[in-house]
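I've put the structures underneath this note.
After this come two complexes, each holding subunit A, first together with subunit B and then together with subunit C.
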Partner chain A sequence: MTAVMPVIGRRSPPAYTPSSAVGPVSQIINAQIEELRRPSPTFSGKAKPISEAALEVELFDALLKFKVSTSQVAMHLDRGWRSRLFAQLDSLLDKESWEPLDRPPRLESFATFLRMIIFLRPQRRPGLGATSKGELIATWSVGADRLTIECLPQDLVRWTVSVTINDDRERAAGITPVARLKEVLRPYGPARWFSDGDRISA
Partner chain B sequence: MTCFRVAMSYKRAPITEAVVEFRFAEPQEQSALEKAAASLKDEYFYDEIEQITQFQVEAGPAIQKPPKVEIYWQGRKLSSLDRADVVIFRKTAFVCSRLAPYMGWEEFFPRIQRDWSAFRKAAGPIEISRVGVRYVNRIDIPVTSTDRVNTEDYLTYVPRSPETFAPMTQYVIQSSRPLGEDDLQFGLLSSTVPSPLINTISLALDLDVFLDGSIPRREDELWSLLNRMRDHKNSIFEACITDRARELFQ
Partner chain C sequence: MGLPDGLAMAIVYLPDDHHSVRYVPWARLRKDEDDNVIGVLGAAFRLRDEEEYLSATWAEFFVESTHADRVTASIRAIRASNIDVRPKSGFAVGCVSKIKQVCLDDPRRHRVRIIHEAEPDNAAHAALRGWPRDNDDLLNLLAEEIWCDAILNAAIP
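Our next item is the complex of A and B:
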């Protein structure tokens, strides 16, 4: 039996790097491992848009990385859902609507967003926004009930809810790993935000 | 190699990237590559330049010169609006790639033919030294905190360890061997990879069917070869996975 230990609720550890050695055989092995780690030609090269404007370059670069990242989980997304997500990203990262002083969202934040979406499998798509520091924000609203999730690097999210339960207005907020988000939101009835609308399942 | 089961089609194919690569016997002129890329400008949304940057630093008792930086033009990379369709014209190779979601050989193959034809028109007759059909698959296995994933449950190409060893945290194995038909060879890589999903272990299965030398010069023979290579790739893939893995792709 050849078993692999799972890594639950967080990203896998860094890739294995062997202890240093200098002999000829170890150099061959090192070269083989390096070769294995090399990206395929599709991921090679440095994207270089035609425009010279720094902001446009950053937005272009962010959009490129987000779309390529999404492609890596595309088999877990409904095709229409993916197309509409790309339309949202195109709109969000359009330089005409971008505040010049704001930073484009970071890839680490978008990676958390993608993992969260596939983990939660909400039937309704969120609205997308970004903080000035470069964190992606997903929002769901139904009437006055609102859920806002700010996607931080390393599978952490900062969430806030504002809901009416038994005629009382409740507000709550916290920072939690994505893997615990379902339990954390359960008392607030997240189905009110996540059900109906577009499917995510592929 | 004839004992493989018939290739199946899957609702959620685990293919993260499909690549067809033609390597050239001689480097091609930049002008031909530029011309080929320009002729396809209506087919792709993005057009990027591929460059290689080299840094040279002289080490010694005292650093006297600043680092020497040289930038070399390597090729042009075109890609679709969703970044899933990619073609790269390099001095040394033609690369046609499709990222997930993979829409099938029926969509991929005509694009390879179209883009190669554009390149042939721009560059004239080209001697190909190597043809490769590579498919990178990622098998995403849902787990709970108490699970250990037995790689044999999903893959038949896995490392073996003594029973007394603790479970692996990571692995990578690679091999290449003759296919036994058409003078083809294939490379096979199996490894753990960081999973893009929560509570999931991901195993990569990377298949590269290739022919070194003796590449047909006629295009109809080249396409026929490519189709056979794709069939072989499918057979190898089916031989390397288990029914439990197949269930994950439905």
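Our next item is the complex of A and C:
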């Protein structure tokens, strides 16, 4: 039996409106919630690759933008460090190696990467990778101790660490603004990844 | 009432002690600062939006006598498939039971089923169904400790 509410005085539930003061972390979380709300595909369709020529143009364009952006902050980077970073980018975005189904890394992701590098000032360059959706991935590895940072738009990073501390294996992960990354990584002794190797000028 | 003979399809789960081989593009290989490959990234195991399962190749589908030869046969099968295998790419090899167990041990308890689902271009194709979405920490753990044997395409003739 269903209770009938009187019409008078009945209110429709208030519509959900996000706070106008949501920060970038909240926006990422909201985007992930939206992703979860999407219906799952009912078939396993294959992504369609773009043409070789179009891919080559996209990769060249991305590489050019990345190098121009880097040059704009050249005063923060040692010349040798920068040229070796360029060689890594050339290698990552080489059309012969690039997965045709992937989108090239986005400039917004690379901008976050650059700010992270300037902020952290690592003496060692990271290894570079990319997601299929266009986010750059920076990694530092010393034996089994791994730091993996996915550079998201809007100066946000998704980070994962796996380290051995006092013979105990620890793992941690999170999403944080670049400006707080140094603080977030401090308990895991980031010097193990960032020291030695090529130097960034002070 | 069951399906008439000939229409019934038995589901073949990969045995626990068998192995799956997954293609890993260059951008998803873990490298050091000089581009030396030292493993695979968790992103190598991330589903694309349009995928409902993760694809791999069943190594023991091939009858070669050693594990290394079966992995080599798997890599050749992947090369012969529709996948555009690039020169600097690689392959990750993982043990079925360990992959399933680490997914089950995760706080979100992902119950992954690894099923032989032959495809026209790869008779040894396996589908990992129930694969986690939005669990990057688990995918990184897989890449670093479980599904972590990386073989470069260039190393296999």
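Methods note: the second predicted complex is superposed on the first by the 149 of 202 C-alpha atoms of A that agree within 3 Å, B and C clash if a C-alpha of one lies under 4 Å from a C-alpha of the other, contacts with A are read in each partner's own complex, and residues count from 1 in each chain.
Methods note: a contact is a pair of C-beta atoms (placed from the backbone, for glycine too) under 8 Å apart; a residue touches a chain by one contact, two chains touch by 3 or more.
Since this is a predicted model, take the numbers as computed values, not measurements.
In the superposed model, A:N166 makes contact with neither subunit B nor subunit C. In the superposition on chain A, A:Q88 contacts subunit C only, with no contact to subunit B.
Of the two partner chains placed by superposition, only subunit C is touched by A:G129; subunit B is not.
Of the two partner chains, subunit C is the only one that A:R158 touches; subunit B does not reach it.
By the touch criterion defined above, A:E150 lies against subunit C but remains apart from subunit B after alignment on the C-alpha atoms of chain A.
Of the two partner chains, subunit C is the only one touched by A:D102; subunit B is not. Across the superposed pair, subunit B and subunit C both touch subunit A at residues 32, 36, 40-42, 44-47, 49. Of all residues in subunit A, those touching subunit C in their complex are 32, 35-36, 40-47, 49, 84, 88, 91-92, 94, 96-102, 124-132, 137, 139, 141, 144, 146, 148, 150, 158, 160, 162, 171, 173, 197-198. Subunit B makes touch with subunit A in their complex at residues 11-17, 19, 21, 46-51, 74-75, 77, 81-84, 86, 88, 90, 93, 95, 97, 99-102, 134, 136, 138, 140, 143-145, 147-152, 158-161, 163, 167-172, 174, 189, 191-199, 201, 203.
Touching subunit A in their complex are the following residues of subunit C: 25-33, 35, 38-39, 41-43, 46, 48-53, 82, 84, 86-89, 127, 134, 136-137, 140-141, 144-145.
Across the complex, subunit A meets subunit B through its residues 1-9, 11-13, 15-16, 32-33, 36, 40-42, 44-50, 64, 67-69, 71-77, 79, 82-83, 86, 111, 114-116, 118-119, 155, 178-179, 202.
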